[in-house]
Each structure stands twice: as C-alpha cells, then as structure tokens.
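Structures incoming, each one as structure tokens.
You will see chain A twice below: alongside chain B first, and alongside chain C after that.
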Partner chain A sequence: MDFIVFGQQIINGLVNGMGYVLIATGLTLVFGVLRIVNFAHGEFYMLGAFLTYYALTLFGVDYLVSALLATVAVAALGIGANKFFFRPLRREHEFTILLSSLGLSLLIANGAEEIFGADPKYVMSPYADEAMELGPFVVTEQRIIVFVAAAVVMAGVYWFIRYTRMGKMMQATAQNPEGAALTGINTDFVHGYTFALACGLAALAGALVGPTAMLFPTVGAWAVLKGFIVVVMGGLGSVTGALLGGLLLGVVESLGGGYISLGFKDAIGYAIIIAVLLWRPQGLFSVSRSSR
Partner chain B sequence: MTSNSRLPLIIGVAVLAILPFVVGNAYLQHMLVLWAIYALLALSLNMIVGYLGELTFGHAAFFGIGAYTSAILSMNYGMPVWLGPFAAAIVAGFFGAVIGYVALRIVGPQFAILTLGFGSILYTITNYWVDLTRGPMGISGIPPFSLPGLDIDFTRADRMYYVALIALLLVAYGCHALMSSRTGRAFIAVRENAPLAASTGIDVFHTKLLGFTIATALAGVGGALYGHYLRVITPDLMNLQYVAALIIMVIVGGKGTIIGPIIGAGIYVALLEALRVVGSLRLVVFAALLTLCVIFLPGGLVSLWRRYAGRGAAGGAA
Partner chain C sequence: MLNRRLTLALLGATAAIGVAISPASAQQKPPVKIAAIAPLSGAGAFDGQLAVEGMKAMAEVINQRGGVLGGRKIELVTYDDKGTPEEGVSAAKRAMEQDGVDMIVGGWFSAVALAQKEVTRDRIINVMTSSQHPNVTEQGHKYLFRLNATSTMMSDTYSKFICDKMKVKSVAFITINDDYGRLEVENYKKLLAGCNIEVKGNEFYNRDDTDFTTALTKLKALNADAIYVSAINTSQGATIYRQIRQTAYKGTIIASAGNMNPKLIELSGPALEGVYSVSLFAPDSQNSSLKQWMTQYKKDFKNEPSFIGSLGAQAVQVLAEAMDKAGSSKDYDKIAETLKARKWDTLLGQISFTDKGQAVQNIYLVQVKNKQIVSVASGS
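Our next item is the complex of A and B:
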C-alpha cells in the first residue's frame, strides 16, 4: 500500500470530517436541549453558504467577514424559525415536530431555489486555490481554515456549555425541562437561544465548507444527511459524540471512496447509520446513558 | 357501514367512474390517471404514517422497486404485463419485510432516519447497477398495460384510468376491511400506546411488520402501474422529492383515514396543474401547505368536514 496516498486520504478524511462535525454539533444540540430531530438543519447550512456567496460577490465584503455576517444572519433567522415552526408544537408528539421540520426544510430549500436560482454558484474564497504542503501531503488553505476554525469553534462550544451560565442552563433544560423551569430557568428562552446557536453553527459550516465545492440550493439535503449519520454514530444529544463521529465518518468515507468505489461513497455513510442504529442505538461513543 | 353512509359512497364511485367522459380532454384525463395512482400510493403510505403511527422517509424506494420489477420482468423475461403489479407487490413487499424486520426494532425519529438510510441505499444501488437498471438513464420503452385476450389500447389515458381506478378502489376497500378487522384494531392499539397494546397480548413488532410489509407491497403496485403508464422510469422515482410529495398528500388530506389520502392526492395533482403558471414556486406552496396543516390542522382537510358535520349533528359521533 502506498503510504503517501493512504496518508493523504486520511488527511482529506479528517478535513471533510471536521466540516461534518460543525454540521452535526448544531443538530445534536437541538436534539439534546429541545428534543427536536431537525430535518431543516441542512437548510441553514445552505443559507450560510449562499449568504457568504452574496456578501462576497455582490458587496465585495472580505471572505472571512462574509462568513461571520452569514453566521449571525442565519442565527437570527433561526430565532424566527423556532418561534413559528417549533414553539407552537412544544407539547405535541415528536412525529408532528419532525413533520413540521420537514415542512420548514422544503419551504427553505424550494424558496431558495426560487430566489437564488438553480444554477450552481461558486464561493470565491481567496484561500480555495492556495495549496499548502505539509511534508509529502498537499492541502488547500481553505481546508486548513475549515479544520482550524472548526476545532476552535468546537472547543468554544464545549467551554460554553460546560462553564458559562447559559451553557449550564442549557444542560439543565436538556436533563429535565420541568425541573429547570422550577428553578427559575426560562426554558423558552433557552430553547430559542440553543436553536439560534445551532443555526449559526450550521451556517458557519456552510460558509467554510461551501468554497470547497459547487453550491446548489439543494445542498441542504446533503448536509442534513451527513449530520444525521454523524449524530446517530455519536449518539443523539452528545457533542463529544458529534466530534468523534464526524471525524470517523470523514475518514471512513475518504478511504472507502479511495479504495472501494467513489460512486458508493455516500452509501457507506448510510450503511454506517443502519449498523449503528441496530447494534448500538444509543451511539458508538456514549457510555451507558440512563435507560429511557 | 350503515345504509345511509353507503349512499354517498355509491354516488362518489359513480362520479369517479364517469369522470373521464365529463372532462373529455385527454390532458385532464392524464391528470386523472396520475391522481388515481398517487392516491393508491398515498393510501399505502397512510398505512405506515396514519395507522402504525411511524414516519418513513423511504417509501419512494418501494415505489421505485415496484416500477423497476414490473418493467424489467416484462421487458427482459417476457412476463405478461398484467402480472406486473402482482410481481411488483411481491418483490417490493419482500424488500419491505426484510427492511421492516431490521428497522422496526427502532421507533420514533430514529426509525425515520433509518428508513431514509435504507431508501438512499436502494436509490444508490438502482443508480449504479447499470447492467440491470440502466443506471441514471433509466428504462424507456416500457410496454403499456395490457390484459390477456382483450385488445384495449391502455396508452390512452381514459382507458388506463379505469385500471388505476379499480386498483385504487380495491386498495381503499382492502384498507377499510383491514381496519375493521382485529388486525386493524391492533394497528391502532400499537399506534396509540405500544406498551399497553403489548400488555393486552398484541405482538407489537409483528403487527408493525405486517403493516409495513402490506404498505410497501402496495407501493410496489403503484410503482408498476406508474411505470407501465408513463413508460419511462428513472432512479429519480426513489428520490426524497417523491417521499415528500406522498407525505404532503397524506398529511394535507388527513392521515389515518381512507378518504383523506385520496383527497390529498387530488389536491396535489390539481394544485400541480393549477399552479403551473408560477413554475417551481408551486413547490414552495406545497411546503407551506404541509407546514400549515401540521401546525393548524393536524387532522388534515378531512377533519374540517368532520368538525363541521359534528357541529351539525349536535355532537354526534364523529
């Protein structure tokens, strides 16, 4: 086996995986705190990528600033989405909530196709074509930005949940919404906050990963599928699980695509979900959670 | 069923039977065929969504399996076309039974994700197994539907309509008979409260597996009719887009009822045509319709009528 090729596959896998991690973290937060399996999560990724594209090409804003602006704008949109599509259904069956998120997803995806047009866009990041050599391996600067930014954001999210007041309120709401409300936590506010944070993370993922491929309004379906696979692997609601699951999926896909068949690369991910859900429905990395 | 509720049913079926003559226009007749096939498919999805109470994102894959089975068997192996829907039901139902046997151990959102995974794998296989399915190019030149010994040209929409309508009515009657039976009541018990159902001696897993297998077999029948009618099929039939369309029909019409998905399919086909002028914006309208129904009208349009009728009868049984 060619070591260089193998190593390059691993590196590509880790970089792609870090993008998946960013997508999946928001998905898992929303499930953990709000108990929502948000089918529309990928659409916020798509919006993040498109808003970055427009800020960059129409208004000539610097790429990294565009990415930040897109993140903030989509997080604000998330507040509205939660308010109209999920808050009225708080007491409904999970089935209804999943359907509502499907409706939201179709609404955003088809609306985006109307507004942005179905033709592919390309986010002209100044870093997309600059290759960097790390020893024998080659990585574009864009991919390094994805990896580093995602690592920093993940550390930030972990710190935020663990040590800030808001993070602790999120943990309390996730563990027991009634109990949290009894201690004076405004769970409604925590829900809105978490949802907005998750949408922001998805948008940031879109802004960063977007320049590595052509951009279509339908990319949200791809993003949410990857997110689901990662979240199922890592365990629904677990942030550490999302990190490990995302990296693992990236590497497995990269090796599978390189050594088995590029066409079936996407199928590998689905096969993983099926295997994991059947073998360990609580996720690969979760340590004996209290049984439900 | 009492005699006074049978009358509207007879009138309804009679109206459906003469519809192609009333509309007279070949294009509208084509829409009628699509309606009947979609209504059959919506009824099959309703078995899972409405009666078993699980959401599936993989249903279009079974629709696709049915279409491919009937097309391939009749084109490559000389099977008479009228046997197609039966063969499609067997093959799609077999896949449904195997996938259901695996997937139904899990419930709720995870089940929905799992079916999405299975559906996507079936789509990928269909797309890449070029020797069998011709891959993304799809299969064209599928023979039209035919009946042994009868020389009827089923490429004409007004003829094919009766095939699809009879299939739809048989499926609708089958659903009604099933839901009036002990098995059907077990479906509802499992939907409402699985642990309680289990405590009364219902085998929850096998009840769900039965419902899932029937639903997927029926989706196969719909796929076979669709393939022999349009005579071109591509792997896109298995897309999430078709799943979403079927979910919209079931939810907007009214899940857990027989008339609801049939009406939902009618609304879908009618809107598809009425909104042709606005182009792809109609997909946004469908999405909005779905969301509005989920939030404000969980029982679908059927529940509006029931609400109204219930008030008229001063709180009579709805």
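Our next item is the complex of A and C:
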C-alpha cells in the first residue's frame, strides 16, 4: 500500500521533472552561449501554452499539431527578442542585460494579460483526462506524452549540440566567443539560433505541460523560477546538468510534498539553491567548468 | 497654407465647443468615488475581474436611474491588490490619501481583508466582500462591513447538508494554506464529527501552486468517501477538480462554499458535474433587481454573471441606498449607523447587518446539473 503511494509519487515527480527539464534547458543554453540570465524565459513558456490554446480553440487544429505550431512560432519570436532586446545591449554591462530581460518579462506578461484577458484558459488536450491504470499506478496520457516527448526532444538537443556543425559552433561560442569569431564563426547567427532553440524548448514545455493545469498570463513567473532552481542545481550552462537537475527536483518536490508537507514543497527548491550555492556552486553534476 | 488655415479653423471650432460645454459641466455635481480594490493580476485575476464587472454593472444601473444624493453619479476607481495583503494595504492607502475616495469596497480574499482593515480602521467606510474569515468582522472597526457569510456561518449550513443528504462516512480535505483554509478544516472537523463522519486527512496547497498531483495521490490513498475541495480562486479550483478526475478517484466531490461560478464549470468540464456547493447567489432566483443587474451585466460584459460579481454589485447597491438615506457620502458615522439600522432589499434578497458589520444573508444550496448552477431546496 505504502509502496504504491511511493511509486505513484515517484512517477508524478518524474513527469513534473521532465517539464522542468525542458524549461531549464533553454535557460541554461542562453546562459552558456550568450552569457545572459534571461528572466523573460518563463514568458516564452506562457506564450507556448497560450498559442497552443488559440490554435486549438480558434482554428480547430489538432492538439499535437497546435503544440508544434506554437513551438515554431515562439522560436521565431525568440529570434526577434534576441535581435531587439539583447543584441543591441551586447557590449553593455551584464546588469543592464539582466534588467532588459526583466523588462521584457514584465512587458510580455502584462501585454498578455491585456490581450489574452485575465480569465483562466484551459488547453483542451484530448489526452488530458484519459487516466491510464498501469497496475496500481495511474497516469494520464497527457503526462505520458510530456515525459516521452521531452525525453525524445532532449536526446535530439544533445545530439544537435554534440554532433552537428551548428551545435559545435554553439560550443565554440560558449567556450570563447572571441576565439570563435576569429575562426570565422558568425556569432550573431549562433546567438540567434540559440535563442530560437531556447525559446522553442520553453514553448514546447508550455504546450505539453499546459493541459495539466489552468493557464493564466502570469504563469511564466512560476516557470522561470523552476527553471532557475534547476539551472543552479545542474550547473549554469550544462545541458546534462539541466536534465538530471530537473528530474531530481521533480522527484524531491514530489516526495518532500508527499512525506513531509505540501506547504513546504516550494521551500524545498529554495533550500536546494542555497545548499548548492554554498557547497557546490559549480552545480551538483558538473565535473569541471569547461565541459558541457 | 491651406493646412494652417484648416488647423486654425479646427482650433476655433474646438474652442467654441469648449465654451459651449464648460458651463454645463461646471453645474454637474461631483461624482461619488468608490474604490474597487480587487485582485486584477496573478492567479486570482479572473475573480477580481468578475468582481469589478459586477460592481460596474450595478453602478451603471444606479447611474441610469439618476445616481445618488440628488444626481451625483457613482464613479468606480479600480486598484489591483494582486491577491496579496501587502498590495491590498498599499492600494487602500493610495485610495484614501491620493485619490480621496468616498468609500472602499475590497477584501475578496481573507488574507487581504485582514490586513486591509487595519489601514482603513475608523477612517473610511470599508465594505469587505467575499472574504469569509470570521475575524474580518470579529476584529473589524466601526466603519467596516462584510457581505459574505463567514466561513463559520457557511460551514454550519453546509455541514448539515453534508450530514443529511450526502451518503458519505468519511471525508478528506484539500485546502488552501492560509488563514481561511486552516479555519475551514478546523470547523469541519468539529461539525462533521457531530454526525459521525470521519475526517481522514487534509492537504494544504499554496496560493500559486499549479500541480496538485502530489497532494491528490496522498488523499486518494486515504480511501475517503468524499474529497472536500476548498479552492478560493477559479483557476486553481478548476485545476484541482480536473486533476482529481485524472487520478481516477471515484468518490463524491464537495466544493467549498461560495466558490461555484459558470467559468469554473466551463473550465472543469465533466469533472464538476453533480458537485454540490452552497452560495448566497442562486442565478435562477426571481428577484427583480437581480434581473435588472444581470441584464445590464450581460449587455456590458462577455462573462456570465457570477456569485463574486453579484457580491460586488450588492456592495455598490447597499452603499448607494445607505448614502441616500444618510444624505451624505462622507459622514461615515451616519452612514454606518444607517446601514446597521434597517433591512436592505438587494439583488441577493433581504439582508441586515449585525453591530459588528457582518451581513446576515440567505444561504442557498446549489448543484451543478447539465453545466448549470441550480438551487436545491434550502438546507438551513
């Protein structure tokens, strides 16, 4: 009996964690390659969820297709955000860029409240309410989709960074921007598609996780917070760190909420941040600074 | 050249219109300003929007009839309290000190109301609306009024119904982690023990949680006959009802008092069918001022009239009538005295106020049937 609850909590945690992984990966990529701490990252999560909602309800597009469309659209917005908000400030102090991202975040969130309205929305995914009973455990199809899709996408991102030419250009830019530029890499271009990838991942997270809860325009604040906790846990700039960190945070929250106290669930994340910063500021999973 | 002539002509015309209008507007009496402090952003934003819409529709109804105090229009000034006590306090300060409003309507959430009443204490008429914590009026002040029934009043009525009509032997709770939620659980533990219903457990969630699977997994494992959901905002409520269904829980679902609205039904889908709640607002009631307000509301806004909106409307309606009877918008002693002295016919039926400013209202039992909120025979 207790074993069933324990197993169910682990499953809940892994699914939530996979959502965190998608959010955090974009955040960590933007930090690694552009050295930008992007506070507006959560807003792209929110936009992903809302665009999925609108594609679904206004145009009657199939849910999975809507999710894909939203991802692509937000990735394109990411290129724009980089071009208009971050690129012009590239030579400025890091703090200026930080403030710019905070401004962008407020702009998008409040703009969304104005345009989308304050009433909560629900992404009517056909898979959301279908509970599947796997022996004693219950999982909805939607949550299985979150996990599987995220796992596939993460494998894709890993492969992209590791083996493709564009991925290697990202690595080079992350390690030494000036050196990369000297070898003929167009770093502006690299920055552009890194942003597109990051925002696309956030939007995908929104599109997939969206149907598990109600949507409202300020949901991005939640997303970026979870993202930051994971990024700090996994080590800034590390994709594998984001993967392991995200899953770990999901499970720890779920077990902490389940066995200690649910009111304490959010505090666990903050406690982890403090502990990591004190004892392993390079992140729980990073081996050395230069590897990614 | 032509451009300049045109500009001059336009300027002349504008000046002429200005001259024509100004004597008239000088004669017009200043409006009565009522501050509407509500959560307009964050997870409670939608409820705040419904509340303000309800107030606006009622103000419109009154203004069309010629306003109050012999022709003064009601002007609503809205403030965002973000559903947090700090912002609620600063909004009330701004309303009083910067904007010089005549009275304040706010306190949609208990945590906000409890903090806000301290800055308005004995300074301005402050009507609290949907907050249910008893201390809002128990520790209120001489100008404070609260419309909603307290959670104690609600749970007294509701628990009788749960005991008598629902065939459940045990209940598990999921409640919000604040003053209101903690009090609810305490109340029901006592009341339900009275009729031998066992309270098997309780899980608190936080105001900005979006995932409740951890809590619901625990609650489901308790195998209670019913789950009581105390959700004070629509967005979280709908998520909880849906996620209960997603855990494949098969028992009865009981919705907390006063938190049933059309949007919740729309968002929760099949998860809310057959669920009971208690409310001061029965949309199928035959009250004529309710009908008038609903017509105006549907004309001005695209949302369905809701309980929370009707409370906002009631606040405006009662204040308007009390001002007329007291003959002033600023003589707070007189207005407060007037409010407590008599019964008021409002869109939610007849109400009166106790010495502490607590409204005594009808409580209806409602149920979701075919996606509509319908009233069930009264249980009190």
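As a working rule, the second predicted complex is superposed on the first by the 288 of 292 C-alpha atoms of A that agree within 3 Å, B and C clash if a C-alpha of one lies under 4 Å from a C-alpha of the other, contacts with A are read in each partner's own complex, and residues count from 1 in each chain.
Throughout what follows, a contact is a pair of C-beta atoms (placed from the backbone, for glycine too) under 8 Å apart; a residue touches a chain by one contact, two chains touch by 3 or more.
Bear in mind that the values here come from a model prediction, so they are computed numbers and not experimental data.
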Room on chain A for both chain B and chain C (clash or fit): clash
A:E133 touches, of chain B and chain C: first, second, both or neither? second
Partner chain(s) touched by A:D266 [first = chain B, second = chain C, both, neither]: both
Partner chain(s) touched by A:I144 [first = chain B, second = chain C, both, neither]: neither
Chain B versus chain C as contact partner of A:Y122, first or second or both or neither: second
Which superposed partner A:M166 touches (first chain B, second chain C, both, neither): neither
Partner chain(s) touched by A:I185 [first = chain B, second = chain C, both, neither]: neither
Touched partner set for A:L278, first chain B, second chain C, both or neither: first
Contacts of A:E113 with chain B and chain C, given as first, second, both or neither: both
Touched partner set for A:L99, first chain B, second chain C, both or neither: first
Doubly contacted residues of chain A, that is, touched by chain B and again by chain C: 110, 113, 118, 263, 266
Residue numbers on chain C that touch chain A, as the complex places them: 40-43, 45-46, 48-49, 177, 203-206, 208-211, 213-215, 217-218, 221, 234-236, 238-239, 242-243, 245-248, 263, 267, 269-271, 303
Residues on chain A engaged by chain C in the complex (per definition of touch): 1, 4-5, 8-9, 12-13, 16, 110, 113, 117-122, 128-129, 131, 133, 138, 140, 212-214, 216-219, 222, 253-254, 257-258, 261-263, 265-266
Touching residues on chain B, where the partner in the complex is chain A: 53-55, 102, 105-106, 108-110, 112-114, 116-118, 120-121, 124-125, 127-128, 240, 244, 247, 251, 280-281, 283-284, 286-288, 290-291, 294-295, 298
Complex contacts: residues of chain A adjacent to chain B: 37, 85, 88-89, 92, 94-96, 98-100, 102-104, 106-107, 110-111, 113-114, 118, 221, 225, 228-229, 232, 236, 263-264, 266-267, 270-271, 273-274, 277-278, 281
